[in-house]
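Just so it is clear, A, B and C label the chains in written order, and each chain counts residues from 1 on its own.
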Amino acid sequence: MSRLLGAIRGQKLALVGLAVLAFFGLLAVFAPWLSPHDPEEMDAPMLPPTGSHPLGTNDIGQDILSELFYGARFSLLVGFLSAGISTVIGVVLGVISGYYDRLGFTIMRVVDVFLAVPRFPMMVFLAAFLRPGLWTLVLFFVLFGWTKTTRLVRSQILSERNNGYVEAARMVGASDFRIIGRHLLPSTVPIALVRLIVEFQHVILAESGLSFLGLGDPTVKSWGTMLHYAFGYPTIFISDVWVWWAVPPGVCLTLVVLALTFIGFSLEERANPRLRRAWKRGRITDTPEHGEERDGAKSVRLPSKIHAVRPRTTT
Amino acid sequence: MRVAQYLITLFVLLSLNFFLPRMMPGDPLSYLLGDPSTDAPILLTEEMRENLLEYYGLNKPLAEQYKDYLLGLARGDLGWSIYYNAPVSSLLLGRLKWTLFLSGTAAVIYITLGILLGAFSARKRGTKTDVGLLVSVFSLGSWPPFFLGMLLIIFFSFKLDAFPIGGAQSPGAAQAGGFEWVKDVLHHWFLPCLSLVLTHLPGIYLLTRNSMLGVLGEDYVRTARSKGIREHRVLLRHALPNALLPIVTTIAMRFGFMIMGTMFVEVVFAYPGMGTLIYQAGAARDYPLLQGGFLLTMAFVVFFNLAADLLYARLDPRVRRA
Amino acid sequence: MRIIKKKQAMPTLLALLLVCLLAGCNSAPKPTATSVPAAPTSASALEPTSTPAPPPAPEPVALTLPGDDWGYPSPFAFYSRGPGYLRMSFIFDTLTWKDEEGVIPWLADNWDVSEDGTEWIFTLHPGVTWHDGTALTVEDVAFTFDYLKEHQESFQWSWPVDKVARTEIVDERTVTLYLTEPIAGCHVDLVGSVPIIPKHVWENMEDPAKFTAEEAVIGTGPFKLVEYSKEEARYVYEANADYFKGSPAADTLIFIKVENEALALETGTTDYASFWGREIEAVQAFEDNENYGIIGGPSFWVLQMIFNTQKTPFDDVELRRAVAHAIDREEIVEQVTHGGAIVASPGIISPFTDWHNPNLPVYEYDPAKAKAMLEDLGVTDLNLMLITTGGFAREAELVQADLAEIGIEVEIQTGDRSTIDGLLREGNFDLAINGHGGIANPAILRTPTWPAESYSNDEYDRLYQQQASTVDEEARRELVWQLQAIIAEDLPVLTLWHPKMWTVYDASKLDTWFYTKGGVGLGIPIAMNKLIFLER
């Protein structure tokens, strides 16, 4: 674990990503203190950016900047909760299905069903029977988010479980539980982390999309609902309102997604065993040119028809 | 045993197909009779309501409707759309061609671009080029698809007046036919395609890059290089084919989600594809149309999953030999 | 798998992109927006006008209008939702019609009604032909009503057809309609909206809703259908030069689907746009532009907050009145509709109509009074569920804030229309914000969906039935006023606002737009009356 963190620290991109994420996180946490107004407070509607309203007001006169800060809360929270829970479920089910064959097969069929179920009616269904809000959304995303993680973890377990140390542990008499917990589970951590980041990204984008379509809870303050009202406004195309109403939440969404991408990208570089090997073995990264000096030796390009390198007796 | 389980999965899916639309609260009549917020109201008596339900076969007991549905499927009859007053199959076909056109062309573009850029990035790994490419590709592709779409419309369609604000073709263009029609269709296709390409490019790019990196670290690449084979040959003949293997299967699976994946872009650009059809059918609770649409979607997913598995088996000599 | 050489890939890609861009720019030219206008035909076209306009233009005129797919425009296949009826009305005629002043003769030259109101005698205008050349006869008229009676489940837009007992042909120009009971406004509601269909086409048609062949759109109207594409939501009409009221002012009518009416009008893609309520800002964008005419019209619609009177706490009328005092409706109109609406009349019927009762009690915004009333009722700690569709979420938020001030907690649940309809029918709510009305007809005062599920009042029903068969207008008005008074006092719903309506049009194309008195047909408030193409 600390090895991974150390690896991240070394990657500049990841640092940038973490910084941006931290920025939005702080924004979300300190929204009540940072916002110039209570986002529910109503002033004159459709004001352009002025002193007391740096980003103007929306269609019912609420301060857009304050909405932006509070919106960070909802969007980030939904993303984090959904990604966290679905990753945990995904790992657990993935390990089980990787270790136990028959159970695994059944779980995979369940995965197939979930993958094929269309999300849209499920969303409407859930929204109608549960109070639309944070937990309904989280439930929705978890329902559809655990499948990919399960598949990936299962592949990992399938290849790991034939490893020497597992055999050894079994011969020593370790229980299944211990084998899974002590040996197999830790090997899933890199994948789980990457999946967490990817799922977080996906949920943030999807939540904004659902809200934009009006399927979320329009009374909640989130970046998605801001976009929903902004783009739904009758004069959206023939006036300049979109500049201060639609662009800020869209940009914030993009920045968060970008930040997560950078973090996930460096994690993946370290987590993927094939990539790691590429790092280590990177000594010969390309074919040297004829006559080029490398590591104190001069390369000589042989005619391509010769397929073996014969040691030369003279230099 | 395995076959039985697959069959059960299929049956579950078909049944879900039937029950899911009906699980959504409300019924087709609300939408059939107009939007109370804009249209003249339809003054419906209970009796008329009953008549309508009977006309559409909606007041039969659920079990009987289910049976009719399964029998219809067996006959290849997808039913009649309540909202559009037309056969479901013709509606689906009419819309599917646009979705296939849009996603298909976008897919060809972003897959090609993604592979080329990804391989290039892998080759230049660590250099400024790599990082620069990485950052640019991701900066363009991290936008929420509907937001990107709207911005493109505002800039290019409205401010610059260079592209239409939506639709697949101008009214009457299909009548004109010939080259004019092709130009018109391309004109409408450009912005939605651009949105799709930008959104999906990073995924393929990253996949290719990582796969290439993994392959570049393999022994056989090192061997090839030590043999003196020219660099571009090493990349194209030795590395890329192996790197593409996992990508091919991922791409094949992605195709499976093509229909719903383009929904946001279709809605924003009012592109008359499957995405908008299902969205509208969902809002209207048009059961037969939803059933048909979901069936098609599921068929796509299943087909491409299978294709992915088969393709992988064929392409990977290790699996083939096994 | 053919592998493109990497070094050549980049230039190839660039070339590909360039081609795409060029394909994008070299498009078929769009209808250009007239930012520099052609000289207007007359001075009156410059000003927003609502008075009758100059005669139809002599040059061939093609008008492009915005819309969506509203179904095949035969009398049975158009979607009952939306302006499908209007699309159909261009092809088919009715016995009577309406203009700015009121009812006018159409296919029927004149008509008479018996003392008891159950016999209506119509005299047909001579020399009218169907689009296929055959003559319109009284047999077609009689057949129409008989056929409609028989196939009542195939359409939903003209409900009193079940009150037609029989038809009788008197002579080759006269036909009598016998009703089972008098229908108030029969000359408008029934006769003024039922399209006359050709007997020789529909005689043996069993399932009229599915009949979409060419013959289904043979009518007597000013336009013929040339093309209908469901997929593209496009309708193309061609003028009927032999129309009995004269050749229409437009030679071609095209309806196309547009995403944004304001934008389409501005770019010249369409020649007309209709706005309502909070779209007022779109209207303001055209106000200073001389090339566009703007007319304002009556809307017959109301946004209301429905109380669930079937269960606590809103089974208590005093509580409903208390809540009425707590809602600041002026603020809602200002903040949410930005002046695009007016505070609604408590009796539902819009003040823009003739049926409006001006003497209704008004519940002033007075939170202190509301609080006091709550205390008197001994009501504390109320927690309510408010349901609405996403479109009125803003109003819901303001109501929530207003009620919070007097100590009532409101939770908002939004859903799509079908969901909300379902909840309304089940009575699964405390408050609901929903719209109603839309036609200028007292019939809207009682429908099965309003306020049936959550309001029952025998006296109200009785009065309603009575006015539905009161042919004398004065007497009917009395009754309708009483109905409104009951609503205003009993408060099953709290009305919020009536939207204003506008039509903005390209004055150089056609400037004869007007708002029909009492709405088109049954009372559709849109300014798309086929009379705009004809001499009036």
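Going forward, a contact is a pair of C-beta atoms (placed from the backbone, for glycine too) under 8 Å apart; a residue touches a chain by one contact, two chains touch by 3 or more.
Everything numeric in this text was worked out from a predicted model, so none of it was measured.
Between A-C and A-B, which chain pair is linked by the larger number of C-beta contacts?
The comparison resolves to A-B.
What chain lies closest to the overall centre, CA atoms only?
Of the chains present, the most centrally placed is B.
State, to the nearest whole Å, the distance from the C-alpha centre of subunit B to the C-alpha centre of subunit C.
36
Could you state the distance in Å from the CA-based centre of subunit A to that of subunit C?
47
So what's the Cα centroid distance for subunit A and subunit B, whole Å?
Inter-chain centre distance comes to 21 Å.
Can you list every residue of subunit B that touches 2 or more other chains, as numbers and ranges?
Counting only residues that touch two or more other chains, subunit B contributes 24-25, 158, 165.
Give me the residues of subunit A that touch two or more other chains.
124, 128, 237-238
Any chance you could list the residues of subunit C touching two or more other chains?
260, 263, 415-416, 419, 422
In their complex, what parts of subunit B are in touch with subunit A?
My answer: residues 2, 5-6, 8-9, 12-13, 16, 20-21, 23-25, 123, 131, 134-135, 138-139, 142-147, 150-151, 153-154, 158, 165, 202, 206, 210, 213-217, 222, 225-231, 234, 260, 263-264, 267, 278-279, 282, 290, 294, 297-298, 301-302, 305.
In the complex of these two chains, what residues of subunit C are touching subunit B?
Within the complex, subunit C touches subunit B at residues 1, 3-7, 9, 13, 20, 23-28, 30, 64, 69, 71-72, 77, 79-83, 85, 152-154, 156-157, 159, 209-210, 227, 230-232, 234, 236, 254, 256-257, 259-260, 263, 267, 276, 301, 389, 391-392, 415-423, 434-439, 443-444, 447-449, 519, 522-525.
What residues of subunit A sit close enough to touch subunit B in their complex?
Residues 13, 105-106, 109, 112-113, 115-122, 124-125, 128-129, 205, 208-209, 212-213, 227, 231, 237-238, 242, 246-247, 250, 253-254, 257-258, 261-262, 265, 268-269, 272, 274-275, 277-282, 284-287, 301-302, 304, 306-309.
In the complex of these two chains, what residues of subunit A are touching subunit C?
Residue list for subunit A touching subunit C: 40, 42, 45-46, 59-61, 124, 127-128, 131-132, 214-215, 217-219, 234-239.
Would you tell me which residues of subunit C are touching subunit A in their complex?
260, 262-263, 266, 275, 278-279, 281-282, 285, 335-336, 338, 390, 393-394, 396-398, 400-401, 411-416, 419, 422
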